[in-house]
Amino acid sequence: MPKKQASKKIAPSLIARAKKIRVLLMDVDGVLTDGHIWLLSRRDGTASEIKGFSAYDGAGLKLARAAGLRTGVITGRESTAMEQRARECEIEFVYQHRATKLGALEEILRITGADSGEVAYVGDDLPDIPVLQRVGLAVAVSNAVPEVKRAAHFVTSRAGGDGAIREVIELIVKAQGKWAVASRDAMA
Amino acid sequence: MPKKQASKKIAPSLIARAKKIRVLLMDVDGVLTDGHIWLLSRRDGTASEIKGFSAYDGAGLKLARAAGLRTGVITGRESTAMEQRARECEIEFVYQHRATKLGALEEILRITGADSGEVAYVGDDLPDIPVLQRVGLAVAVSNAVPEVKRAAHFVTSRAGGDGAIREVIELIVKAQGKWAVASRDAMA
Amino acid sequence: MPKKQASKKIAPSLIARAKKIRVLLMDVDGVLTDGHIWLLSRRDGTASEIKGFSAYDGAGLKLARAAGLRTGVITGRESTAMEQRARECEIEFVYQHRATKLGALEEILRITGADSGEVAYVGDDLPDIPVLQRVGLAVAVSNAVPEVKRAAHFVTSRAGGDGAIREVIELIVKAQGKWAVASRDAMA
Amino acid sequence: MPKKQASKKIAPSLIARAKKIRVLLMDVDGVLTDGHIWLLSRRDGTASEIKGFSAYDGAGLKLARAAGLRTGVITGRESTAMEQRARECEIEFVYQHRATKLGALEEILRITGADSGEVAYVGDDLPDIPVLQRVGLAVAVSNAVPEVKRAAHFVTSRAGGDGAIREVIELIVKAQGKWAVASRDAMA
């Protein structure tokens, strides 16, 4: 989990970006998971996908909603595992099976009325770069490819599927001064 | 597995707390597992949960029962995987799908007749804190969030799902002078 | 993911080998996966195999195809998980259930019209050695057994199932001067 | 995988023990797996077990059979995953659901006609100790509990489920001077 002292190193320009965020969007594989694609063999010649999420991210996503953030995922793959996880974590926007991601971003901007400076996006691989270049807070997970890290305002210390999203949520919600209240609610 | 010398560093005040324990309660995700939520996609739009437990914790939980401890889990999620694991490990109390945990604690205190000083609880995230503040022996796993570690009397050296519960059981059963007999029984 | 500076250390003789490659072949277990064989118990006395692939390898394999490489797997095991993953990653040749691998190599050489110097093969264990001794670019993953590493022109820094294939693809596609275009396409 | 130089450090007394081995027996959880018990939730209130084995152990077990060793598992749990893996790896003796293990050892001694000095056993937890105290070559995996390591003639450098069994097989087959022929056959 993110260390207590991590918040000390946050640059003021990053805090300024985080303060404006109203919508937190993210990729799925390598971001909400550790980038492993698990397939269970079926006898009919197909396979069913298994995904491994983080309980800490899940608690963080509910806390983000309680703090007033809107959340969503945009991914090139498609699975009912992701659909169910979105329900559990109160993720509002679920765009799956998207070869390119900018169209989904545009749609979410339209629905929420947010401008791109009010959106944070978390990614790990090449297809995430066009979205990262558009948003107010571009985040790369620690396991992202070098090109994605170069396109980001912030690189998490936690890996995807291992608390990276919790770390981003703590950054945003603390910058907005809502952490104490939101985490107290999480205990009630 | 816990190193042999680990028992040397235990503070006397901790041993005093461990001696009194009659009931060992624990969270599930991040404590009996490593905090990953695994979901298998189903064709009907839902997903089935997979949980990864530790064989060392399992053997430890049976040993705890043999040493006279009563055991239980309190968790916000719900799965038949946890139910079956509880049967295998002779876990007596299984409270699943609990948004808040204090109600389950109260019920277990009533059933067992134990007072809160005779209860140990092992947790990893914010919803565990109210319970940790009530019990005689409050334990955080090594992968717990900072707030939980601060609320604990003891932080394990093993991570959740990787022997943390075995480590807690060894602490308690050794403090009570029952380890030699209980582990001899485990070999018979 | 492969570090940016990794490409600096590549020996000229290795680049010469990589430039010639038209066909990229690979083993499955320990190469496209981390070498774990996962089996789900079924009530009829059998078990279904689960395989864990890398999202980074998957994106790399599609990028390899876009850059003009032909790709294939040769494995001693057989699973529909591998079949589906091959479809997802546009892997053209899928030879499963092969006790020995040279026959499959010969067949692929015949179909593609490539000579063995135009083939790269990535392996990790003893049955891969006869193929590695035949091809123009013999690659061992970082988790390969010592005998396989000794038979290879190149040992990846990434492990099987954790980006080793992406690393090999970057080596080949960059040596052929096609990386910039191919990765730009991956973002579009 | 076991490093090349590992064989240099083997004590002569250990080689003497390894030379005599005709039967290689092992525990399952923590030895052929990494000690995680994976359970998939079913809608009927039960759960199905998933086990994660090592491809390197699997290749090693076939190589052991080719070198003339007889192999078997003795475990307290029961799963069809283990049954299928035994078939794949040509494991001859499969004793599951055994609370105590000495009975199974006796039966295998009777069937094979081996004396206990000709048996190697690999274990990781307390129930393995009585068997380890009986056999000619007692092995603990690197992740074994301290009591098991103290009862062993040899502690592997690899962990259970990550090549520990392959390491033991290399030790035995090399001590018996059969490695070169057996590994050549594995490539054919």
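Going by the order they are written in, the chains are A, B, C and D; count residues from 1 in each one.
Heads up, the rule we're going with is that contacts are C-beta pairs under 8 Å (C-beta built on N, C-alpha and C of every residue); 3 or more make two chains touch, one makes a residue touch a chain.
Note that the structure is predicted; figures quoted are calculated from it, not measured.
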Over half of interface residue numbers shared between chain A and chain C means same, under half means different, so which is it? different
Rounded to the nearest 5 degrees, what is the angle of the rotation that puts chain A onto chain B, matching CA atoms? 90
Identity of the chain that, by mean CA position, is farthest from chain B: C
So what's the Cα centroid distance for chain B and chain D, whole Å? 30
Just give me the whole-number Å value for how far the CA centre of chain A lies from that of chain D. 43
Please output the residue numbers of chain D that touch at least 2 other chains, ranges allowed. 40, 50
Could you tell me which shape the graph of touching chains takes: line, ring, star, complete or other? ring
Which positions of chain A touch chain B when the two form their complex? 1-4, 40, 48-56, 58-59, 79-81, 83-85, 88, 161, 183, 186-188
Which residues, counting only chain D, touch chain B once they are in their complex? 29-30, 35-47, 50, 100, 125-127, 129-130, 143-147
